[in-house]
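The first chain written gets the first letter, and so on, giving A, B, C and D; residue counts start at 1 in each chain.
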Amino acid sequence: MRSSKIIRTIAQKLFPFIVLFGFYLISHGHLSPGGGFQGGVVLGTAIILLALSHSIEQTEKKFKSRWLNMLEKLGILTLIFLGFLGIFLGYSFLSNFLPLGKPGQIASGGLMLFFNIAIGIKVAAGVSVIFYALVRYRGEI
Amino acid sequence: MSIHIPILIIISPLLAAFLVLLSRKYKIILATASIITSIVFTLTLSSRVLSGDKVTYHLGGWRGPLGISLVVDELSLFFSLIVLGLGLLVIVYSMPERNYGRTYYFLLLVSLSSMIGVIYTADIFNMYVFYELLSLAVYLLIAYPKTGVTLRASFNYLIMGGVGLSFFLLGIGFLYAMTGTLDMFHIAGRLPAAFDSSMQMVIMSFVLIATGMGIKIAVFPLHGWLPDAHSMAPSPVSALLSGITVKIGIYCLIRVVYTVFSTEMFLLISSHNILIVLGVVSLLFGASMALVQKDLKRLLAYSTINQLGIVLIGLGIGTELGLTGALFHVLNHAIMKSTLFFCAGIMITETGTREVKGLSGFGRQQPAITFAFIVASLGMIGIPPINGFASKWLICLAAVEAGYTFPVVIILIASTIAAAYYFRVIQVLFGGSLKQGPMPAHEGEQVIHRGNLFRSWPIYILAAGCLLLGLLPALGISLVKPAVSLLLFHVVP
Amino acid sequence: MTPINISLLVFMIGLYGVMSKNNLIKKIMGLTIMNGSIVLFFISIGYRKGGLAPILEKGTTGDIPTIIVVDPLPQALMLTAIVIGISVTALALALIVKIYSKYKTLDIQQLSKER
Amino acid sequence: MFKEMKKVFFIIIILVMTILFILSVDIEYSNPKNLDVANYYIDQGLNDTGAINLVASIYLGYRAYDTLMETIVLFVAVAGVVFCLRGKR
């Protein structure tokens, strides 16, 4: 099944903007509405849009599901590692050990930015992996 | 480093779970090592906890009602030791099975770690999150063989469990609306004032939480998922479900009843009578349904409903003796039911059938396993030298002392019915010679030998535990005693 | 009829859907409705009259804000609850796909007849 | 016949439960009680965690443990979906 040229072109042109918006939501999660989960879902939607408008195989060449799986594990391991870093530096698990900046700036949250980025990457990878698994399933239907 | 022990107990199986997914070879070693690490950590905590002071850990350094804290007291120590000990045996038992891949060990470790998370947390919403994590892992473990029956059982459990946890979450919402905090000890401190101003909301929140947990521990009208899920799952998973996972529901119920809603309020809204009635009904129902089952594992699953009814009666009586009996029965049931499911797993792979009738002659072939099965089933019935007797007797004594004679009669009747169905199985085990029916697909003698070695150790250990706790019930009671005194005479910190 | 009552009503509608419908996907829809109603419940118990979204002004340096702000804790809890609901739904749908490919039906009455 | 009976029975049960539910709820809408913890978050959340989005200051600061577990829940769900649907293509 091939979608029409209009849809393909618009999806292709829209893709970078959606990705940009997703990264904005992730990185400004502690300053404005948004955060890791929301931004991650938006990033995942970008991949889903590309896969729906173009063919699945073509998208999978760019975003391989093996890499996405690895990214997902990496996100969670980063979170746990950041938690353990608190223990090693003499605070407790998951505590914010970075100095707080001026309120309203992007560095103001300390560790929050890194939490958001790890969660965002993990959610984006997870959503697209679910999509791949559901789409590629060819059971005996 | 020593102050971080409570979080390390939870995180080490969780970290091992993700490492299992990354490494292909060392999955079993990683799983075993992480659980042993957790057990060692727990044992180092135990001396501090048993000497009387609570171990508290503030996550992220936020104390009190602001953040989440972990509290290890006598009750949580007792339950976490059961979970970790049996979890280790479940991992050892599932070692020889070759087709359990990485996902199996991942889910097993996640479920064990989330159980400890449920047990240690002092924050009621965090308890919900961990319970949902536990449930997701357990749904997948049930569906692990991916046959039609297991998928159906898993889906039924998902629907029922989802509804139950939604009820639980709504109950948490009611509690938050009344008290404005989520920390259980702070809720307990503020609830009496809320009880004076709006009694019906307190009752409603209790009903919601109790209904949610009632679905999880399968009391009579809400038991629909249990027989399918417990009997269709692979045998180690059945032992995990029936031995430990159901006990987590009981733990949550005890926590909510005795810590969040205090004992006085519990008596004031007369919910102890409801617990006793539910216990009696599910006791009778489980016993009578188990009597007519032909499938061995389904029989054991209905027997779980039966035994949980006894625990509920003990909880409902609520005196010191009754609570001691109930908690002791939790320990005993965990040990006995895991033994039975482990034995059932071996029987099913050896004879190739799930029917009780097909087991005839197994007793002559493998006398040691059969002996363990008989020990555990005698304990289930409640025959003196085995541990099940001691706890049942304590509960009966407590019921007579508190003036409930009717439950005692019912417990005795149910024990007779239990004797009927367990003796039927034992009789078949020693019956005629093993029928050469459809033999299972054994390829190569070597696999079977290795399997038998790793599969029989856990059974012998558990059966020895049954006999030990039965001959020296004072040992088990001394394990339970600190938790009971915490529950009845606790002080809000 | 405050939003609190409405959320309880919706909760019951979801419960009715889960209990009485025979189609597996409709049962999952009921579960989703229950989850949504819980979100509505939590958000509405945190509402204060005239409250704004709990995001402070960019220039504040930690003084006590003069504006009224709604309770931020239930909103943070609901972020967690929504993600958990999504996870349960995704898992249930995967199970349904697998069940359908085994039995070729989604009706729970027919499923319980099959062995 | 039996099916309709069942449906009516369910509807009656649900209606009774709804009425009980709504009667039991005693929360004053838009005027919550016991606001000390919430007020602490609103007053001190910015000083403690440095985020002007108070919701983020709770779910990444005070209750980051919940967020970690929630991420793992999502991971288990993804692993489950992939596990259920892989093989036999």
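As a convention for this text, contacts are C-beta pairs under 8 Å (C-beta built on N, C-alpha and C of every residue); 3 or more make two chains touch, one makes a residue touch a chain.
It should be emphasised that the depicted structure is a prediction, and the values quoted were computed from it without experimental measurement.
Remark: among chain pairs B-C and A-C, B-C carries the greater number of C-beta contacts. Using the average of C-alpha coordinates as each chain's centre, B ends up farthest from chain C. One simple way to say how far apart two chains are is to compare their mean CA positions; for chain B and chain C this gives 28 Å. The geometric centre of chain B is 26 Å away from that of chain D, both derived from CA atoms.
Mean C-alpha position of chain C lies 7 Å from that of chain D.
Those residues of chain B in touch with two or more other chains are numbered 14, 21, 59-60, 125, 129, 132, 136, 139-140, 143, 146, 177. Within chain A, residues 31-33, 35, 76, 80, 83, 93-94, 96, 103-104, 130, 133-134, 137, 139 each touch two or more of the remaining chains.
Within chain C, residues 11, 15, 45, 55-56, 58, 60, 62, 73, 77, 79-80, 83-84, 87-88, 90-91, 94-95, 97-98 each touch two or more of the remaining chains. Interface residues of chain D facing chain A in the complex, by the touch rule stated above, are 46, 49-53, 55-57, 59-61, 64-65, 67-68, 71-72, 74-75, 77-78, 81-82, 85-86, 88-89. Interface residues of chain B, counted against chain C in their complex, comprise 125, 129, 132, 136, 139-140, 143, 146-149, 151-152, 154-155, 158-159, 162-163, 166, 169-170, 173, 176-177, 182. Residues of chain C that touch chain A in their complex: 53, 55-56, 58-62, 79, 83, 90, 93-94, 97-98, 100-101. Chain B makes touch with chain A in their complex at residues 1, 4, 7, 11, 14-15, 18, 21-22, 57-61. Residues of chain B touching chain D in their complex: 14, 21, 59-60, 62, 65-68, 103, 106-107, 110, 114, 117, 125-126, 129-130, 132-133, 136-137, 139-140, 143, 146, 177-181, 190, 197-198, 200-201, 203-204.
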